[in-house]
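Each of the next two complexes has chain A plus one more chain, namely chain B in the first and chain C in the second.
After this line comes the complex of A and B, so read on.
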């Protein structure tokens, strides 16, 4: 057997466990969902499906709830992603310093990302509570009146605070990126008299852009799919409708599928979301050549 | 090359997420996706096996572990060695997915009032009329009229074939009071023989609400944990029943919220929210309502008879049970007295069950056998049999007060709330969508009524079309 053939067999053998699982549990349901999005499937008529063409997709763009929730989702994404990435990087830079007990700090800042969403939402509900809530207690200490954090005017702010509390989740990958920056660059810059500020913005940030790029892309994907936090922040169960400013796109799709049993329409909503994610990713990807710096040649 | 690798990773991640709607997202999912089974389930055979003589079949049920104990299952399995019972923990989303894929349990736990017509229309519920009629356990003259909540002829609840039975029921919109909170406000208890109207309830709640500066020291009215003291779709339907108003069009083919009774109901509750009578979305009080009630910080709770079980068993109430009691279900002004069940939690047999005989054996035992006696004795709900009413607790002053009010309520419990089956679980969502802005003064009542009517009719039209009607 030729060496090349051996390598090909080895390659496919190694990726096959994940690939087979992806085909069966990822790609197949996804494609089946795509097919259903062109039908009138409502959960109980699988044996007598009717082909509806693009009707469900047309509905998505004429559904005021869908468009409203898409707008709110983009708004949340626009704030959550840049702030989340910046906080994650900032924390990683702090936690990259040779401070005593840094391991404990790293654990503490990473902790929110491993707390189950349900538990963290319950905790935040009490923090945001108007009656004996921690946040209002602090405001009251400074003589500021209590605020309804989960009401119409502050609900999205509260959601963003809760989401950004988990920004430490990016610490691991950021730390790995920071460890990869050669020390001699900093030493050379110091010898040349570069201030810490300049070293950060002329060495650390440029060399971290591939990691930032990755975090931005994953952040966009995650933010566009938020659904449980806004639901549970205002309600007690998954079919509860969140307060209107937190009525996000994925929540709308979830409601259509599970509250109204509009499975086919829900699938269409999700495919439109998929295309939106793709479009945003392409935009970020296209702009990356202007701000992402690789140490190696990108032509190959 | 590296950019393309990242792009490919992005696409794959998005694709995986897309295919995983309803499974997990952003750190987990509140829906419990794990199945739990009885300890005896290890001997189970495939549910695809037929129940031929000598073969052991497994009956899957979504009745919860709290409602069907391991001991009860063991007793049943001892009496019926050919049947194993497996409890499946499901929530609304998992059950919807199971039903959609034809993988739902054999005996499905449902809320009779909210779910039954919808399940019948979709062909999920098996017609049990003949089985119940021929049963030696369920006798027509012993079953309470409340069991007719599980009858539906496609147009009217309470008529036609019977598709299931409640495990128990309650007059879910009645009121429980805490006398200590009444005393603190210097307000006398209302007459337990005479139901309050909704506006009267709001006025009473205002009098019972005590402020300490800007903070609420005591609320007048609270409701079940997680819910808020504000308008809800279910309690609107209950109010309309008393007002004698049906907002559904013929055969549930449409719905019209543009009705004075709907407006009166919403306005009454808006008044309550404005006056801070209980924890609501505007005051954002996240305190557990049960805690408020038992700590004398809420004077009344909206609950059915089953809540007497909670009061009897709460350590904070046990020493002074005589301070608690039940008041009749409030009514609409000039409305008729009603005391309907708001859920009648029970079960149906899945029409697609591969073991209908064994499922029925279990059904008959659970809903009419020893478990029914066990349930009645605890007082955590009302039995569906006249003959089991005597099993309800009747020892303390509290028990006797509750039973006295209950006697009256029973006479008005044979009317059923008219839930539009085509709205499925979406009625509440549509109602909340338009009521929330009202609570915060962000829209007008007319806008809300117009919006909910439009959305609900769109949903009904689509559901009917999908059902081929």
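After this line comes the complex of A and C, so read on.
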């Protein structure tokens, strides 16, 4: 057998587990879901589906709940992603200098991001609780009046605080990036008299842009899909509707599908967001050449 | 090996580290306080009374160990299949040059962007049609498919290894698969450790997937704790917050321990794979 044929056989047999699962449990369900989004599927009529054309998609853009929740989701994303990325980078920079017991700090910073959502929400509920809650207790110490953290005015702030608590999850990837920056750059800069502030913004940040870019993309994708935290934070039950300001887009889709069995419409909602994520990623990718600094020896 | 730049300003540096550590650990501390407190009290910064028996109630008032067993089954299936497949696929993408490789790799990467729920709901319908709901089969299938991010990590790691290694193996008459299994896989220990720990964390804490595809008797611990509240028989209207917090802490413990033991490898694993590439 020729060397090349051997290689082709080896390659395709090695990737086959992934590829088969991708086709059967990824691509096929995806396309099936896309098909369902054009029908009137509501849970019991799988044998006699009716083709509805673009009606479900038209409904997405006229459904005031969907549009409202989309706005709230964009708002949460707009605050959560930049702050989350900045916190992750800042913490990694703190860890990137020789310190004693670095493993302990690293664990503590990373810890919140690995606490199962369920457990972390339980803790935060207790902190945000309005009567005798811990956060209000601390505020009162400083002479600030109690606030209804889970009420209408502050529910989204509370959600964001809870999400940002997990921002240390980016520490490891940032740390890996920081370790790749040559030390002599900093030394040269200090000899030239650059302040730590200047060194941060003229060396660290520009050289970290590829990692920042990765974190921004993953952050946007993750943020647009938030639904568990608002549901757990406000509702006692999984199918209960969270408080209005925390009624995010995926929560709406979740509600339509699981609480009302509007499967076809739910699939249309999900596909609209999926396409929006794709579009947004394309925008971030195309603008990336203006702000992401790549080493010249990129491998193909 | 302290240089001038690092010793300067090291007191504010430590102060910042300690401040942020306190901030991040605070909610967990409060959870401990609540878990040790008497029932239906609202404790502040210190526990009301001292009730370690809440942890015992957490494991006895519901079928705690049964759900833990389910968690372990799901994690084991996912861990074994996903770690192995991701390594194999990552290796193929890194080391075997064939036509079509780059296109396929772009597909792998783009699946990272796909919201899981877009496929989960049609999957629910399909699993329903094939009678696979309320079984652990879906986890075997998903696991066999590997994970896009882990495939990416393995690929980055294997790409960095010099070519000579393979050539030496080929001269010795090793097949491609044997080269992978006997030479490359043992070298990738930091990545294997990283991927295993991350897989374990994800799979242990996931409660939505099991909620959709399983019924109560097969729920893992995370799903069970989100669906079942702690109550005493005859006092159905009283939810025992202290006890459910104790249960949540018990849920966190394995994740915490594995991370602390493995963090050295995780950092090494991510540094050597150079995710930034």
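To be clear about the criterion, the second predicted complex is superposed on the first by the 281 of 300 C-alpha atoms of A that agree within 3 Å, B and C clash if a C-alpha of one lies under 4 Å from a C-alpha of the other, contacts with A are read in each partner's own complex, and residues count from 1 in each chain.
Quick note on the criterion: a residue touches a chain if its C-beta (ideal position, glycine included) is under 8 Å from a C-beta of that chain, and two chains touch if they have at least 3 such contacts.
A quick note: this is a predicted structure, and the numbers were derived from the prediction, not measured.
Participant: If we overlay the two complexes on their shared chain A, which of chain B and chain C does A:124 touch? Say first, second, both or neither.
Facilitator: second
Participant: Under the stated touch criterion, which partner chain does A:92 make contact with: chain B (first), chain C (second), both, or neither?
Facilitator: The answer is neither, since A:92 touches no partner chain.
Participant: Figure out whether A:285 sits in contact with chain B (first) or chain C (second), or with both, or with neither.
Facilitator: first
Participant: Report for A:45: first if it touches chain B alone, second if chain C alone, otherwise both or neither.
Facilitator: first
Participant: If you stack the two complexes on chain A, which partner ends up touching A:10: first (chain B), second (chain C), both, or neither?
Facilitator: second
Participant: Contact-wise, after the overlay, does A:151 reach chain B, chain C, both or neither (first, second, both, neither)?
Facilitator: After superposition on chain A, A:151 lies in contact with chain B alone.
Participant: Between chain B and chain C, whom does A:36 touch in the aligned arrangement: first, second, both, or neither?
Facilitator: The second partner, chain C, only.
Participant: Look at A:159 in the shared chain and tell me whether it touches chain B only, chain C only, both, or neither; answer first, second, both or neither.
Facilitator: neither
Participant: Quick one: classify A:271 as touching chain B (first), chain C (second), both or neither.
Facilitator: both
Participant: Across the two complexes, what residues of chain A are contacted by chain B and by chain C?
Facilitator: Comparing the two interfaces on chain A, one with chain B and one with chain C, the shared residues are 22, 25-26, 29-30, 33, 46, 115-118, 120, 126, 129, 131-133, 210, 214, 217-218, 221, 225, 228, 232, 238, 250, 253-254, 257, 263, 266, 270-271, 273-274, 277-278, 281, 298.
Participant: Could you list, by residue number, the parts of chain C that touch chain A in their complex?
Facilitator: 1-6, 9-10, 13-14, 16-17, 20-21, 24-25, 27-28, 30-31, 34, 42, 44-45, 85-86, 88-89, 91-93, 96-99, 101, 104, 107-108, 111-123, 125-126, 141-142, 144-146, 151, 159, 175-177, 180, 201, 204-205, 207-208, 211, 222, 225-227, 241, 244-245, 248-249, 251-252, 255-256, 259-260, 263-264, 266-267, 270-271, 273-277
Participant: Quick check: in the complex, which residue numbers of chain B touch chain A?
Facilitator: 1-3, 6-7, 10-19, 21-22, 25-31, 91-93, 96, 99-100, 102, 122-124, 214-216, 225-227, 279, 281-287, 423-426, 428-429, 432-433, 436-437, 440, 442, 459, 462-463, 465-468
Participant: Where on chain A does chain B make contact in their complex?
Facilitator: Residues 22, 25-27, 29-30, 33, 40, 42-46, 48, 65, 113, 115-118, 120, 125-126, 128-133, 146, 148-152, 166, 210, 213-214, 217-218, 221-222, 225-229, 232, 234-241, 243-244, 247, 250, 253-255, 257-263, 266, 270-271, 273-274, 277-278, 281, 285, 288, 292, 294, 296, 298, 300.
Participant: Where on chain A is chain C touching in the complex?
Facilitator: Per the touch definition, chain A meets chain C at residues 6-8, 10-12, 14-15, 17-22, 24-26, 28-30, 32-33, 36, 46, 91, 94-95, 97-99, 103-112, 114-120, 122-124, 126-127, 129, 131-134, 137, 165, 168, 172-173, 175-177, 179-180, 186-187, 190, 196, 210-211, 214, 217-218, 221, 224-225, 228, 232, 238, 250, 253-254, 257, 263, 266-267, 270-271, 273-274, 277-278, 281, 298-299.
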